[in-house]
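Take a look at the structures below.
One chain, chain A, links the two complexes that follow: it is found with chain B in the first and with chain C in the second.
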Partner chain A sequence: MKKNESFWQKLLSLDEISYENPLDEQLIDAETDQPDSVLRQQSPVEYAFAEILQEEKQEELYIAERLEANSLHAWVGRQSKKWAKPVYSLLCALFCVALVVFLMSTVIELPPFGAADNPTNNEVAQRYLEKGLEETGAVNMVAGMILDYRAFDTFGESTVLFVAACSVLLLLKLGDHKDGEVSPAMLEAEWDDRHHEPKNDAILQMAARVLVPVILLFGMYIVLAGHLGPGGGFSGGAVMGAGLILYLNAFGFRKTGRFFTYKTFRWVTFVALMTYALLKSYSFFCGANHLESGISLGTPGAILSSGLILPLNICVGLIVMCIMYAFYTLFRKGGM
Partner chain B sequence: MNVFVIMILGFLVVCAVATAFTKSLLASVVIYMAYSVLMCIIWMLLQSPDLAVTEAAVGAGVTSVLFFITLKKIHAIRGDEEEDHHEEK
Partner chain C sequence: MPLIRNFPFFCIMLSMMCGIGSAMLPGRIARKVTVALAAVVAALNAALMCHLMAAGENYHYLMGHFPAPWGNELRAGPLEALLCTLFSLVLLFSALGGQGKVKVQVDPNKESIVYVMLNLVLAGTQSMLYTNDLFTGYVFIEIMTLGSCALIMNRQNGRTMVSAMRYMIMSLLGSGMTLMSIMLIYTLTGHLLIENIRQSVEVLYMSGQYHVPLTVTIGLFFVGLGIKSALFPFHTWLADAYGYSTPTASAVLSSIVSKAYILLLFKIFTRMIGMDVVVGLHLNDLFFAFGVIAMIMGSLSATHSHDLRRMVAYSSVAQIGYIYAGMGMGITAGLIAALYHILIHSAAKSALFISSSALADASAGSKRFSDLRGAGRRSPVAGVCFSIAAMSLVGVPVLGGFISKLVFSQAAFSAGGVHMWVMLLALAVSTLLNVLYLFRTVITLYRPAREGFTCTVEKPDGAAVCAMVGFVVLNVLLGVLAQPILNVLTTGFHLFM
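Moving on to the complex of A and B:
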């Protein structure tokens, strides 16, 4: 009985809940003053008090959320017809089965995997395989194909990734684009991040200390040896990005902020994309025909060989790494 | 070898179906990670180690982490501690 009472009291007092952060006033004060340091210099008692307030508000918000969801559910239940749900499920199942049948019939029609007389084994692939090593100097034929013969395709892919990062930036980035300016929303996100994300987790930090250097080294190896063996810019960049994310998770923004800020992200991505564009965008003007770069191809198998493939691999790797890391930071805090 | 491939393909289908039908969003993301790891092994068996590395880093790593953050932001992950806290009241 007592349970219900407190619940109903909360229900009745729902209207009075303000959706403001209890720290707002302090945050705005902090903004006019020295933004970050004031927040840090709170006395422990004040901080604990603010934390308790925050927790209470969170709880009230949670109850409000749940009530709203319940009422919505009830409304949907009242609005829908009784026969609607089974018909809907039946249609769903039918659609899925039809899709599976259609796709499976297509798969059965495909030629067998790796057969010699497949339509993909035509003169194009044959020429790439026969002349590839001689013309591009790359031992890894895939790298020779995507970064030499078809380098403009890869340029398009990097640009697609960059555009994706731009749209995430537009949607999730908090605050102004000028560096050093801190808005109340950013401060609130900062507080929220410090409150909720793991910090000083001994196991995580120890694991990160061992793993992060290995992961970053492995990523660099994949990027740099992309023309010698399996790998390349995209896979290596993704591995390095994952390593950076692990480092950030273990040690927090204050450590990563020393070497990777929003400014670094902007400049690295810009420089890498522009280098790529300068080196390879002539393809768009000469109809994807090859132009002599004048760089000697070197001995196949050496690390400094195969002309432009190595610098292009590094560019792609840097772009992918920065964008993976930027996605994570933007999702987590709306900034770097 | 053949048995191994068939087993992995079977697990792949099970993971795909389980991702769609799991009630808990958190469990769904974890199963999706398992799907990515299985896919990574399949890429290895199809002799494309570069794709395997990418799948492991992007599919099992970054994508799932982004999913976790999103779930946390929309308060879809609730720890046991918090759950107990609410039930006490």
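Moving on to the complex of A and C:
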């Protein structure tokens, strides 16, 4: 591209440019590249080196391209004068200060926390507290609220966890989905894992032997008694997930693999989410069409009470447990 | 309640279940499930729209046994049904058109996750349109945020990783601001249900109580959702995210995901805060200013882009500017013009992304203009699809973009004053720039190929041809049926309020 060409000439002849500049040549990547993961599985070590070199090169290209694309940065970059950068920083700082002032003045004007005549203290909260027990059958009002009054939101939240797990899976999962097949990338990850984590630590194993059953039992208790007292699926699931992670750290992947594999993870998550969706769909459909759902609320305080809240808590607990565990294993060695 | 009124609920739950189920299926079956789901959802929503137009009303739908301020609630009207129909059609064609690319560019073991995300994006879009509860809206914002990140990084190379990271950071910033404003509005009004918030906000506005927090809250909503929908100064994540991911992902992100955020903002401003309060606080001028700047700057960025996909991506910034400027005029006509432009832009932009990927296939996989010369003749269907969509965006009569520009100018005339002059001027300049970059591309596509340029032509597969034909039909129909569609939008808008 010649320097003395005018803007219009450049504009109207974009398709004539022959890209003498090698930088431009590399900026445009081809549409038909192979998925990198194929390469990665063929020869992981070579690939890693190639990737690092490539990344370094790309880094430079990126900076060049960003300068071109982002006009403000380009402007700052072009200003070789000494004052440009300090002025830019000063403006940024001023902007931040202004933002702080705005938000602080907002917070100061808000209604005081916990005052009796706050707008939040209205008929919504009143009905939850006064009629909650009668309408949902749950002694724990929080459980009644999130799993009965606003169960649709909670279904959404469980799905958020599922989406997060899928995204991490997409990013970090190595190897084939089929059990038993081991790809070079997986072997390398396994070696890496063994290299960094000492196996058969006697103290850890002893502690885990004592603690894991207690932790798992406690987690189950939190899930199952979620409608009777503080607790529920989210907190109980997190406790159970922590128990599983402790077991894995003490005894390694082979022993955990006897009862919890990638397949178990997929099936448990799927079944729990589908159960939640189907149970609640039935309940939503009945509610919206003013039909009797035939789900009895039972005696408040009994373990088998409060309609759908108990099964829903179990579903949420299983989902949270599996996803906690999956996150850990995926980040550690890209699979279970 | 007649069965047809359960359709929004059926569609949302069906999409969620298909999303969850697709994770268990191999890629090729998940692909079929997604296409079938999008078709079913489009049919159900179209039926609902016809029913509601005939009845001339909207209705509330309980999600559970408890009435609204306590339980969750949906609210459906002809406007929401029309938008859902169009979005599911666009998703159907995008999934069909990009499936060949997905097969090549995505790890075969992880292909089904693309379709999980597409199904969940469909579910999220419908929920955000139909929900009558602010917090439900937020839950689905989260699903869409994570889902769209996954869609960007489905194709795993350095570019998409970096752009997914950048998208993630910007998008989470937007989500955070939205959550903050939801908390503030809850503190000020004590409600999450949209109608109840409206009543409290009107009382607060009249009494002048909590004036600063209210203004800041509205501003936070605007910035938060503006970042997520790539409004001009917050658009820096856009070009990379749309430019390097799979064509399906680019099409869905630009024409469905960002539109869903805009529509949520639309709902918040028109129905939750109330346009009179927004105009009273002069916050609509904020919309207008940002929109007009985006109209010009987005087109300018597009004119000096060397890469076809990036050019199409930058053009989104300009088109989103149109929508915000329409919303910022502060009159009903402007809002309806913005809604119509959402429809037009959805259909045209996804068509551009899908066909540009087919055009690159016909030019040895290159996306630069010097190689794309003659691509329109090497791949005729893609060439026609690209040209029609480009003409629609430029505003050639008979196609939708023309009607949209007409409606915008009419709205500008009825707004009067400064709004009128600025809007007309911006429309003129932006249209000229559109002509410059879009027609230049169309001409490039039909010029004889560069000397010495030879390549093997990869024919688009059957599904992609179907999708591109579908896009052409959709774009032409949106223009030809402009009057009925505008009628639905007008009736729907009055019921929506």
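Things to note:
To be clear about the criterion, the second predicted complex is superposed on the first by the 217 of 336 C-alpha atoms of A that agree within 3 Å, B and C clash if a C-alpha of one lies under 4 Å from a C-alpha of the other, contacts with A are read in each partner's own complex, and residues count from 1 in each chain.
The rule is short, and it goes like this: a contact is a pair of C-beta atoms (placed from the backbone, for glycine too) under 8 Å apart; a residue touches a chain by one contact, two chains touch by 3 or more.
The structure presented is a predicted model; accordingly, all values stated were derived computationally and were not measured.
By the document's definition of touching, of the two partners only chain B reaches A:Gly232; chain C does not.
In the superposed pair of complexes, A:Ser105 makes contact with chain C only, with no contact to chain B. Chain A is touched at more residues by one of its partners, and among chain B and chain C that partner is C.
Legend: residue contacts after superposition of the two complexes on their common chain; A:Met336 is shown touching neither chain B nor chain C. Of the two partner chains placed by the overlay, only chain C lies in contact with A:Gly287; chain B stays clear of it. In the superposed model, A:Cys322 makes contact with neither chain B nor chain C. Overlap of the chain B and chain C interfaces on chain A: residues 62. Here chain A touches chain B in the complex through residues 3, 6-7, 59, 62, 65, 142, 196, 222, 230-232, 234-235, 238-239, 241-242, 245, 324, 327-328, 331-332, going by the rule given at the top. The touching residues of chain A, when paired with chain C in their complex, are 10-12, 14-19, 24, 27-33, 35-38, 51, 54-55, 58, 62, 69-71, 102-103, 105-106, 109-111, 118-125, 127-128, 135, 148-153, 155-157, 159-160, 162-164, 166-167, 169-171, 173, 175-177, 266-267, 269-270, 273-274, 277, 281, 283-290, 293.
For chain B in complex with chain A, the residues that touch the partner chain are 48-51, 53-54, 57-58, 61-62, 65-66, 69-70, 72-73, 75, 86, 89. The residues of chain C lying in touch with chain A in their complex are 1, 6, 9, 13, 16-17, 19-21, 23-24, 61-66, 69-72, 101, 104-107, 109-110, 113, 116-117, 120, 127, 133, 135-136, 139-140, 142-143, 146-147, 149-150, 153-159, 162, 184, 186-191, 200, 210, 212-213, 216-217, 236, 239, 244, 301, 303-304, 306-307, 357, 360-361, 364-370, 372-373, 436, 440, 444, 447, 458.
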